[in-house]
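Same chain, two partners: subunit A is paired with subunit B first, then with subunit C.
Presenting the complex of A and B:
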């Protein structure tokens, strides 16, 4: 912070502050070191967009599954073994006519069970403020120039539901198995800032 | 808020950019596991960061300021203990301004709106926690999904209990939100609790 806001006495950066919080919480018996390590490991390794890619690939290859996913995202995602916090997911389907994209203007709501923790840009003031105000412009900056006739639906997650975009299956993938299809599905396509 | 530039996009990035970010994430979770606070109280602790500091702080810095605030407000740790551990004042948020609710009030589980109904967002400006963003207040939208009831964050953040309320996905046309400067064929759909809404 600058001197004008009266914080010029501050020397410690965020790493030092968090180290101090950790020492105090351990002293008070509020947390153990092993808990911290296991949380960091879980969110680094267990959750991530590859889970969502499995869901999308299944929906592309099994129409009954796709219908279940669109009707009750949480239950359909749990069928594939993915659950956890922030898991009350609604899947929204892209079509030739409609493009969906997800934001959280209030904070950083994101479907952890299928995408993991959100990337830094998703949490940025720039994305949060501008995606609702000028979605076509922001998408163009992401390299996605949608035709004027395509409807753009922005989903601002603000209560308990989290949103997952079901991207369209790319052309010329008829012969591919589910595993190969899953490898084509990107995080960005499931947020809605790109198409496949 | 308006006037921000390009989104700072990175195609590839680590889940935690620095070790202290992951530790902040875990410590915040530990406080929840210990029963010191829930999600609405945590979110509000960050909303109470003084605005210049809020804007100048990174995402996980805001988490760490919220955590320091809640450790003290919950009575688990004193401000002096935090300051002593750091060797200088530990940044914390401003005090809660909203009055404490004597009771969470009765649950509402039967939705009063249906898909297709036109609803207006009440033009209310609470000083406490809310999940109703300013940009939809006073605006008219259409209910597109009736979700099951959810815990009203506004109540959970400021009382000892919870209140269930129906939640709706409400779609607002771009022109309703942004007038003549709206981009064509765009809409924003947002989940709103029933008490944020009135029939239009």
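Presenting the complex of A and C:
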């Protein structure tokens, strides 16, 4: 084992360290195994971008809902039953003039209840460091080439304030029901790295 | 184990760690966030969940009841 970092002791692998923490916390009564299992289930099955897609489709079809969403995102999201443990969720609306995109420059804050947990690239050093500095270049790398006249707004998330992009409704979808509309909404469009 | 860039978790210990963090952090999200920011900053290129684990161990160590 290399000691170039000044560590002379053996460090256990992360899986073993987590298992040890879990054991101690259960022994001390700080957490119950059923709680851990329920969180695991929630984040693997219940929270995910399908929730966000429902919110977006509702906003497209119900203008009063859209106004409530823009005024108080967390409350409007809770109306549809997607109430998560995070702080405020702010919905930001894309228009012909403005494109919104979300980053968390310092760590990985993300609106869990509507998007689930963030993909690996959202947490990467490169995305976090570059999205604020050169958003148009990064968006181009995601395949989104915005017209020069479109204003790009980059929203930096925090633990207490997370963002959901409300994408523009695609053209030629006038006759579609809410369910069909929801199936068109992608996770990336709600982060703002793509358009629909 | 997966290296899928779209995956939230690559290994099972990561989601269990996330759940443990939810149990301990409760409503005091900012205290954990500051530790996570420091842990990422200390070693920006290590795995994201390794930084999370370091931050969580630091939080637990600072609490006398754990």
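Going forward, the second predicted complex is superposed on the first by the 189 of 196 C-alpha atoms of A that agree within 3 Å, B and C clash if a C-alpha of one lies under 4 Å from a C-alpha of the other, contacts with A are read in each partner's own complex, and residues count from 1 in each chain.
Everything that follows uses one rule, which is that a contact is a pair of C-beta atoms (placed from the backbone, for glycine too) under 8 Å apart; a residue touches a chain by one contact, two chains touch by 3 or more.
Just so it is clear, the model here is predicted, and its values are computed rather than measured.
In the superposition on chain A, A:120 contacts both subunit B and subunit C.
By the touch criterion defined above, A:21 reaches both subunit B and subunit C. Legend: residue contacts after superposition of the two complexes on their common chain; A:35 is shown touching both subunit B and subunit C. With both structures placed on the common chain, the touch criterion links A:44 to subunit B and to subunit C. With both structures placed on the common chain, the touch criterion links A:155 to subunit B but leaves subunit C unconnected. Once the two structures are superposed, subunit B and subunit C can be ranked by residues of subunit A touched, with B on top. When the two complexes are overlaid on their common chain A, residue A:141 makes contact with subunit B while staying clear of subunit C.
Judged by the touch definition given at the top, the superposed model places A:90 against subunit B, while subunit C stays out of reach. In the superposed model, A:132 makes contact with subunit B only, not with subunit C.
Residues 14-15, 17-19, 21-22, 24-25, 28, 30-31, 35-37, 39-40, 43-44, 106-108, 116-117, 119-121, 123-125, 158-160 of subunit A lie in contact with subunit B in one complex and with subunit C in the other.
On subunit A, the positions that touch subunit B within their shared complex are 1, 5, 7, 9-12, 14-25, 28, 30-31, 35-37, 39-40, 43-44, 48, 90, 105-108, 116-117, 119-121, 123-127, 129-130, 132-138, 141-142, 148-161. Here subunit C touches subunit A in the complex through residues 4-13, 15-20, 22-24, 29-30, 32-33, 36-37, 40, 44-45, 48-50, 53, 56-57, 60, 65-66, going by the rule given at the top.
Partner subunit A is touched in their complex by these residues of subunit B: 1-2, 4-10, 13-20, 22-27, 29-31, 33-34, 36, 43, 46, 50, 52-53, 55-56, 58-61, 64, 67-68, 71, 76-77, 81-82, 85-91, 131-133, 135, 145, 147, 150-151, 153, 167, 169, 171, 177-178, 183-193.
Those residues of subunit A that touch subunit C in the shared complex are 14-15, 17-19, 21-22, 24-25, 28, 30-31, 35-37, 39-40, 43-44, 85-87, 106-109, 116-121, 123-125, 158-160.
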